[in-house]
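What follows is a group of structures, each given as structure tokens.
First chain A sits with chain B, and in the next complex the same chain sits with chain C.
The block that comes next holds the complex of A and B.
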């Protein structure tokens, strides 16, 4: 590697940033996960695999891991279903209307994470506006317990992650030439068939990054499950933070974090492998 | 296969009138070309035929029955697009077989029909390639095969050769014409290239600002245009304004133009100002005293197969002509110009 090559010089800031803020901490965390537990300090002096043994042999942790992965999966799918029609609509919009729609879509991201979640706590309270509305419409007899349910966690996550799904899909839809739709309809395709055979597969280059982004963000979400999920059910991030800052078991907390990361990578890898043929074909 | 008639078709975009009463007719098995510059309404007409656009007025019938109420996907027309519009995520064979698959035909039949049509357009061996991995000419033939395999009642081609280089354009042009004639499919063909229109069509509609300026055979369009616009658009042409026009009936006229007196045919019933149309190949160089007109050579260019000359007449009008390549002319030389009277044509400046 020659430093006289200007292209390589340009890479230095990025490489330095990744090294300091990603490689170093992750290496540190992997090392930490093999440390023995400490007694009056966060970790001990020796190395062990006992934390991984404990996680993998205890059904409780498998359950929490499964809940985290499945919840993120549900968030991703709901996000996709909610976002696709919005993205479709946006891809047709031009000028000021498009700007307005972009602003609407990005609006959940303009609120701080705590404010947004406290907002949900108020909205979902027993005498909050959600229940009041349902009561007023006569759809329910008595207020529903919405707060501290898994459903509310999913709803709140879908709400905030929609922009991450809408924007790439909108982009992909904009790249589909309208003549392809005309061509398929001239060949006899109904609107449903055009969507199934042409639009859906060709928007996959937008669906894929959208799903990956939302999934990864949802698996790692901490504040929303912590505030809206209540004490009854645990998710991996709340568990990890508990170990790290509550009971000060840094090695065990690190091991949990590594298990969560590896599982997420496996899920993403499996999804990528299953869809690689479609991706290969549909990318522009 | 099908007789197609377009009557008084109208299409309006906000305050722009794209089609202002277009009327055309394609007899069964004919190839009809819509010729004109961009914005003349030729593509709009085709898109109304295909069902991609809804007309604001008029009628389109196929074998006497209106199709305006039928959506594009039930018209059963084949459409070939300028940018080919191949499905990028489907292989060549999947692209061609897509329409058959929609008809839920048995796999084996789809297989044979796709195979046969690929052989017909010489695409054998490319069945598993993606569109992005084949050349422009091959993509164009996939687009053609994809339309033909459905045995459409009507084939609609929107500038199908516009994106090909000159050599390929020639090849694909003949392929389209051959296939169209072999299968006897009625076809509409949109182009802005007059040579394409001439070579391929049974009938040509020259379009101007949302109307059909002239609808006739290629020969008539070229030799007997109804107005200057048509003559200009269909090839190299010389126009000489006439000083006096005397009608002798039956479309024969006696005129005075550029100092000469001529008797010739023209558009019947000319009343106002008229112009004499002389195609370059209707003119011949002679000695200064022998020709109908006399003038001076101002430019000459050797093009290999022919010699192109520009001659300025005494009244100042300029004539372009094509002479045999070995004819010796030098700029400044006095020459005479003989006219092939059967190729001279009188027409009004603008059609009434």
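The block that comes next holds the complex of A and C.
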């Protein structure tokens, strides 16, 4: 790489945009979390660790954090279960059918989260399609109150993030050479063996980034719990935004956001360590 | 259907079961959109699916609601500015990215897509403090910067993919024939990356149009974007007008999908 190449200068606006309006502000948030509470201003002049002490010593915040982390985990797993068959089916499609399937993934993806969540509000109404379906299947005897439940939050979040999982898995599956599958099945491998020993390991490069991306985004998702979760259950993002916009406790809100971020990084790190060990074992 | 299923054509029941599963999963994907569009045409007073009868009344009501229409106009304006700015900045960055090689190239890509990978909530909180410090809190300009930041990666990814397709030899040929750098850009590179550039603009515009969390925290005084106005409307009124507003937003995204298909093909875009 030659630093003298004048073309490199073209990157300055983009680098400045991301550095000044993203990296700097997020770093700033760490400092903000150690500020004392303000009286007339949203934050004070001195530094303290009181916000972290408060969060870590209060079972309430541990509970909310645990709920957020677990909910995101459930969303990630369900996303994988829903996305894999779709990605598999998509990776086989050609021509007009492929275009149609891509459009079915892209249209929800390009529709706003708020709008899609609103769709689930309609579906979850007392006499809405979800209840009607459950009644028709005989799974329930009278309509359930689905709105403002944790189950609906999870369902809507899965819907939000499925495209983020389908696309990388689909790309990984498309990269598997068909001759590899033909060869192994002609050598007597059963359908299940082909899937377990060839297709699944080779789709891992799509599954792994998909799962991490969905988990990280699901932990910090705000709109869905705010709209569909109701007032009874709190998640970290709704708590953080409440502190920042409702009570104007910026340092405390920042500390909550940092606790959430650090926990997310720990979970992702743990997941990476576990899966890389699993990968090594399956190779051996 | 495929090589795989042909090889195992003796296992028909599995394929039928898989077919049903796939259909159900696609119904799951499309259901919220279909229900909103359906509910927007109801003739009744409630948001419900299936709708009661058919009417355009809630669309008329939408355009008579000043708060919602103001939100729509604000979202369109911010989205248009976001698209133009991100297309320009991303085009420049993608050209610079081409001359970066080796390991640094990967880091550059990562950096350029950072706003997509870090949760919107964190960026929004950070920006809230930052804009307060530089005295741009609660201004339209501040909100605009947030939208540009959040939409930039979409423009960058599309444009960088398009520029990678342009062979370096074309540029060299143009230069050896005596064209200046600007002439080469305008007459050789720009026409070739035009579809990718336009796609980047569409993605960027639609992403800006849909943003919620960052708009909530950076909301300017007295101004609402359409998603913010819609959230308030859903919380306090919950009438089919909301379905009409949401349908307009869905039509925008379907239009975007169709345009992307026409410009570069969905399969290459995603």
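Observations on the structure shown:
The criterion applied here is as follows: the second predicted complex is superposed on the first by the 257 of 284 C-alpha atoms of A that agree within 3 Å, B and C clash if a C-alpha of one lies under 4 Å from a C-alpha of the other, contacts with A are read in each partner's own complex, and residues count from 1 in each chain.
Quick note on the criterion: contacts are C-beta pairs under 8 Å (C-beta built on N, C-alpha and C of every residue); 3 or more make two chains touch, one makes a residue touch a chain.
Values in this document were obtained by computation on a predicted structure and should not be read as measured data.
Shared-chain residue A:150: touches no atom of chain B or chain C. Annotation for chain A, partner touching more residues between chain B and chain C: C.
Residue contacts after overlaying the shared chain place A:203 against neither chain B nor chain C. In the superposition on chain A, contact of A:180 is made with chain B only, not with chain C. Of the two partner chains placed by the overlay, neither chain B nor chain C lies in contact with A:33. In the superposed pair of complexes, A:76 makes contact with neither chain B nor chain C. Using the contact criterion defined above for the overlaid structures, shared-chain residue A:234 touches neither chain B nor chain C, since it reaches no partner.
Shared contact residues of chain A with chain B and chain C: 182, 185. Of all residues in chain A, those touching chain C in their complex are 1-2, 5, 7-11, 13-15, 17-18, 21-29, 32, 42, 82, 85-86, 89, 92, 98-99, 102-108, 110-123, 125, 127-129, 159, 162, 167, 178, 181-182, 185, 191, 213, 216-217, 219-223, 227, 237, 240-241, 244-245, 250, 253-254, 257, 261. Put simply, chain C touches chain A in their complex at residues 1-4, 7-8, 11, 18, 21-22, 25-26, 28-33, 35-36, 39, 47-49, 89-90, 92-93, 95-102, 104, 108, 111-112, 114-115, 117-123, 125-130, 132-133, 145-146, 148-149, 152, 156, 203, 206, 209-213, 216-217, 227, 230-231, 234, 242-243, 246, 249-250, 253-254, 256-257, 260-261, 265-267, 269-270.
Taken together, the chain B residues at the contact with chain A in this complex read 50-52, 71-79, 81, 83, 85-90, 98-99, 102-103, 130, 146-147, 150. Contact residues on chain A toward chain B in their complex (touch as defined above): 177, 179-180, 182-190, 193, 197-198, 201-202, 278, 281-282, 284.
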